[in-house]
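Here chain A shows up in two complexes: once beside chain B, once beside chain C.
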Partner chain A sequence: MASASSLLDVQGLTVEFETRRGVVRAVRNIDISLAKGETLGIVGESGSGKSVTSYAVMRILDRAGKIAAGSIRFAGIDLDKASESEMVDLRGREMSMIFQNPRAALNPIRRVGHQIEDVLRQHAQAGSGDARDKAVDALRQVKIARPEERYDAYPFELSGGMCQRIVIALALACRPKLLIADEPTTGLDVTTQKAVMELIVELTRERGMSTILITHDLGLAATYCDRIVVMEKGAIVETATSEQIFARPAHDYTRKLMRATPRPGIGLRDLLPDDATSTPIPPNAPGAPLLTVRGLVKEYERPGVGVLARVFGRRTDPAVLPFRAVDGLSFEVMRGESVGLVGESGCGKSTTSMMLMRLLDPTEGEIIFDGENIGAIPARSFAADKLRPRIQMVFQDPTDSLNPRYTAFRAIADPLLRFGAASGADDLRTRCEELARTVGLPVDLLDRFPHQLSGGQKARVGIARAIALKPDLVVLDEPTAALDVSVQALVLNLLADLKATLGMSYLFVSHDLHVVRLICDRVIVMKGGRIVEQGSAEDVLDRPQADYTRELIAALPHPPAAAA
Partner chain B sequence: MTAAPIIKAPQRRTSARFAALSSNLAHARYVIGGNPVTGFAFLLLFLLIFCALFGPWIVPYDPLASDTSATLQAPSWKHWFGTDQLGRDIFSRVVVATRLDMTIAVTSVALVFAVGGLAGIASGFFGGWTDRIVGRIADTIMAFPLFVLAMGIVAALGNTVTNIVLATAIINFPLYVRIARTEASVRREAGYVMAARLTGNSDLRIALTTILPNILPIMMVQMSLTMGYAILNAAGLSFIGLGVRPPTPEWGIMVAEGAGSIISGEWWIALFPGLALMLAVFCFNLIGDGLRDIVDPQRRT
Partner chain C sequence: MLKVFLGRLMTTIPALIGVVAVSFLLTRVLPGDTAAYFAGPAATPQAVEEVRKSLGLDRPLPEQFSRYVADLSRGNLGNSLTTGQPVLEDLKSRLPASAELTLFGLVLSLLVAIPLGITAAVKQGSFIDHACRAVATAGVSLPVFFTGLLLVYVFYFILQISPAPLGRLDVFASAPPTVTGFYLVDSLIARDMQTFKATLAQLLLPGITLAIFSLAPIARITRASMLAVLSMEFIRTARASGLGKRTIIMTYAFRNAMLPVVTTLGMVFSFLLGANVLVEKVFAWPGVGSYAVEALIASDFAPVQGFVLAMAILYIVLNLIIDLSYRLIDPRMGATS
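Let's turn to the complex of A and B:
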């Protein structure tokens, strides 16, 4: 596979990790070759070994990991045999890497400009005289507005997208030949994701760099990469060009992955593998209004504004006025309906869901649930309210939302115990087992603790807990954001089935428009605490009226085949 | 600790508990195996506990009986650690003193854990005025040099073992408040705490059944480290004549009694109780480090 023009040539790479339970092979006998100027995507679900492969190339495996077999040739150098001092010289100068969480990759107490200077000096690319100019120039190249000013900024003063640009500037400061981007846009908004990915692709072209993009998102990889490598459980299952992968996926796993990726023009059931039983999802007949929100407002006092300024300051001065996280929201959720609440981070969708859940008190406005204004009941005393069991929530991060010291059984039993819905221990056990079966969680897993469960299983425990009291309204806060696509496909289908059988209403909070399209009847688009647009899912997503909605839709990755 | 009292545990649950327990034991064995010093510290701990429980029955002499014919004898086969000015056997006194010193340490740490830990959880979890009041009390205590404060408390309340326990607990209060407060305030925003609210748990219930068990491992580490300090503190008070009174065998008093004789050549009177003190403190500090490794989830791979 090695050709004259290839920059990186990996042959038979095997990476092993020494653990307490013996040696684990994270990567098994893989071959990858990367030509000069090429963009290669490595796609796989969690545990596929895609990140480990890149760490092996950069030789930054942690102490327990080692390259057990194979060779890595980079620009004529054997990386697997290179000494640590040679690697130090290569890293940053010839090959760079950008990581998932840009904030964690930056030193929080150093000005970003100085951090770029550090890299330049480390590799003798700049002296004390021209370091500042070169750093500002590096900032300009990643399209940061007013780079002279930003030079003096600290990471916490910048947004997530801005931080990722700084990290890219750091990685590219010394004009490396190879850039490895490990999930560079996970956790960023779609519009930011688009801007960051376009920046990476543009810089790659401009400089004739080679790039490896590591991602779990097949759509993203297909949009921005020339070639794609699909990995499963430490082995490569398929290598092909982006067009080929989407048009004619050769391997079963690739097909399964492609099917599970939400995209326009398909139904929920299309996400599942062929052999899955596909009873059609019963049609939805929304009934009377269940939840009515009128003029909902949440204000936060700005920090640093003193009491005197609050009382005597000009109430028109925006620096003194309280910050409105949610600004006059009005909408309805009907019985049996699922409504999507969409927007980018900071748009107030989480604040809204917290207020609806009665975990947070609104500043103004009414939340009328089944005829009763629950907005007037303080959040503190709502835990004991008779309406509490009827409004439940599924959280974004299934790991974070399960008490590490409770077994799955105890977690699901908690609501039943609190509201005394069960009579005696046997009844409780029976009901928990029934709930576990409803959400497709094997009953023998009930006695496990969260750290012994997989992500999908934890998500099911979270869902079982939320539906234990047969609520009327369930708020789903990005319930699949932390899951692999194949698990996401199963969980989304489960949610749709549960809604149909139990007659619940959903408020689905998400930033992923593809997912919202699949599961929601109506969509509300939020920006800056206000509703920009609302209407039926087809109307909003296919014929958007507001510019902002159009922008959001345009920012979604459009893989070549889907675009055609 | 997590089981709700009203559930009668079916068979499967117990087996799961057992599996969890055995996996914890396996982990503990792994950590101790990887760090022999921790293993040594645990051996030392068992020795201390043994002495504290059975001390009075295993020692060769009555620790209080004086023998004027055998005063100030150097260590020998008859008297392993020698004898003091009154001819009392130092070995017997050192072993018997273990119980008193350990009792003071254990009770004071238990007290400060209960009061300081709960105050810290309340402070971190509820915030607002609770936080301000608890925080100011802790700050006030911190404002004094701690040993001087302990001296003051014992001097004011009277020379009793109860007051030593109380004084040791009070000076450790700010430390426990701070740890519990930080850990609780981090977990206050955790998803599982919000989930507990949604399932109808009151704030008080969440603080006690959700927050407390989750910060317990970190508190355990702190307790072990404080144990050593509490022993030192009790001995220190006795050394300067506050607290335990002679002729009760206690390491601090024994060091004080022997201090004057070191210059005249009778080094064994102060050395052996001092060594016992050192080993006890050493043991608890090492166990604290070992426990930190055991509860550190980063090492749990």
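Let's turn to the complex of A and C:
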């Protein structure tokens, strides 16, 4: 593998972590080589060791981790033997890294311009006289509008996409030879993802840099990388060019990963491995309207506008008018139907789901659930309302939405206890076990706490809790966003089966158009608190009418050959 | 900023009204009869009644209270029966002594505790980390009067390197001209190094006593807060961009770790005000703490009320400063409110 032109050459790398339960091998005997100017993707699910590999290359493993064996050669230097002070010189100047969750990756209380200056000065790329100019220049190169102003901004004043640009500016300020991007677009909107990825590609091409893109998204890697390394449980299972990986995946794991990746032209069952029982999903015949929303509006007062300004200010002045998070929404959800609510962050989809769950009072409009206007019931008294058990929610983060001190059993039993739906402890136990079986959670896991469960198991607990009271409507708020693709495939199939057997309706809030296509009958596209388009999933996603929908679809990564 | 400042100042008014009412009531329900105390042990009941009348203590409580409030609004805290001086004058002359001692103790404690906490966090599990824990536990478990006496015994009595623990200055030195009331500062202003040294020598033992007592909470919170910040993602970014260890620890980690430390500082200061009373007794320090205790024993109401009020105001001002310094440390504070 190692060639004369390779910039980075990793041989037999093994990384170990000391934990309370002994030594854990996070990365086992891997070889990676990266040529000058090449873009390499490292793809794998959580726990595959892909991030640990990059930390080992940068030598920023945390205290418990160490390189147990192998060599890392970078531009002729043995990184595994280099001293810390040599590494400090290399990091940021010769090799840089950008991270997931850009807002957290920046110092929250330091002006972004100063953070860039810190790096420039550290590597003697700027003195006190020209540091500011060079920092502003770095901001300009990542295409930040009004860089002189942004120089003085704090990360909390900037959007997620903007923060990621700052992190990129920070990483590229000293013109390194190698850039490692660790899930750089996870958590960003698709259009922002596209802009950020294109910026990375453009800057690295322009400077002839080598790039390692670490991601869980095979489609994203195939779109932007020359070669792809697939990792599973700390080992490399396959290395091939992007075209090869998509056209002829050689390893079983790669095939499984590819299958589980939602993409156009397939059905839900196609996500599962071949050997899985593939009973067809029962078709559903949407019935009468279950939920009707008419002219729903949610306004928030703008901060800093005084009472006097509100009363006497010109009603047309946009600075004084309240902010409309949701602006005149009207739609219906039929019985047995699953409706997707898509849009980018800030489009009002979460506010809408909060209002439907009656956690938030609407400013105007009606929410008619099964013939009753629940919008008129104040949010604080809805918890005790007789309709409350019939609307349930599954949350985005399966970990954060479970009480860490409740066992899985207690979490699932919670709604049953609250609404007195069980008679006695035995009945409660029986019903929880039944629910666990329904969602495919092994019954012996019921007495475990959330931290003893995997992501997929926690998601199942969340779903079991939501269906415990046999609701008519379940609001699913990005229920699979935090899951690995193979787990997501299972959970999506489970949701579809449950809907068919229990006759529920879903409102599926998501930003992932591929997932929405698979699970939803109808799709509503939102932007700026309004509906820009709604219709059947096929119509909206294959023949979009609105420009904005087209823009969203165009922003999805397009792998070279979308063969399954 | 001014708006925030005034807004915060307004919220302290109810607290002050409460302090005035409670300190008044507390002194009235305490056991002991002021009139009997001041009439002397040989006084006849008639004499005691006369004293009571002259002090206005025979009036109903609401009337006493309204007179007290009326006096307060004119800036009159009443007269001390033991010293015969207006309470305001007594407090004015004694408060700087207490404040100087408390602040000196706090600064000493910060100088040791913060570097200790940072080192313990950076070298987690090392010798320094264990030492930090041991020192902190020992410091908080020893009562201040015991530490004070121990220090006096060792440094004054046995080693004889410390001056006699008898107040702010030894008998041969004279106080510097008053500017701030803090002898350390005033002697520097007067360029009187001799007095400065003498003051420092007197301050050192009681200051260390207070510092040992307040070391524990500051060191522990610094360590915990640093550990939390050091595991955050932006520290990883800083490391990945090759910033030096010093920059990462001081500019990136410590500034972010400061908020909880500053919060604790407010609490520690109030502990110190309490501990001060005992330390002043041990070191014959002419501060407000010992003044208030003496007045309390003598059932002398006015100084006790004045003391409680002064402490309350001090505490409120301190918390105001802490609140405002949050905004200086963390730009997000101003944006969210």
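To be clear about the criterion, the second predicted complex is superposed on the first by the 562 of 564 C-alpha atoms of A that agree within 3 Å, B and C clash if a C-alpha of one lies under 4 Å from a C-alpha of the other, contacts with A are read in each partner's own complex, and residues count from 1 in each chain.
Assume a contact is a pair of C-beta atoms (placed from the backbone, for glycine too) under 8 Å apart; a residue touches a chain by one contact, two chains touch by 3 or more.
Small disclaimer: the values here were computed from a predicted structure and weren't measured.
Engineer: Check the residue A:Gln122 against both partner chains and state whether it touches chain B (first), chain C (second), both, or neither.
Structural biologist: The second partner, chain C, only.
Engineer: Using the touch definition from the top, say if A:Asp547 reaches chain B (first), chain C (second), both or neither.
Structural biologist: A:Asp547 contacts neither chain B nor chain C.
Engineer: Quick one: is A:Pro415 in contact with chain B, with chain C, with both, or with neither? Answer first, second, both or neither.
Structural biologist: A:Pro415 contacts chain B only, not chain C.
Engineer: By residue count, is chain A touched more by chain B or by chain C?
Structural biologist: Looking at chain B versus chain C, the one contacting more residues of chain A is B.
Engineer: So, A:Asp252: does it touch chain B (first), chain C (second), both, or neither?
Structural biologist: neither
Engineer: Between chain B (first) and chain C (second), which, if any, makes contact with A:Arg388: first, second, both or neither?
Structural biologist: first
Engineer: Once chain A of both complexes is superposed, is A:Tyr154 in touch with chain B (first), chain C (second), both, or neither?
Structural biologist: second
Engineer: With the two structures laid over each other on chain A, which partner does A:Asp130 touch: chain B (first), chain C (second), both, or neither?
Structural biologist: Neither chain B nor chain C is touched by A:Asp130.
Engineer: In their complex, what parts of chain A are in touch with chain C?
Structural biologist: For this pair, the touching residues of chain A are 58, 60, 62-63, 87-93, 96-97, 99, 101, 104-110, 118-119, 122-123, 154, 156-157, 167, 170-171.
Engineer: Please output the residues of chain A touching chain B within their complex, sorted ascending.
Structural biologist: 19-20, 357, 359, 380, 383-384, 388-389, 392-393, 395-397, 400-407, 409-411, 413-415, 417-419, 425-426, 428-429, 447-449, 462, 465-466, 468-469
Engineer: Of all residues in chain C, which touch chain A in the complex?
Structural biologist: 124, 231-234, 236-245, 247, 251-252, 255-256, 329-332, 335
Engineer: Looking at the complex, which residues from chain B come into contact with chain A?
Structural biologist: Within the complex, chain B contacts chain A at residues 1-4, 6-10, 12-13, 15-16, 20, 30, 190-192, 194-203, 210, 213-214, 301.
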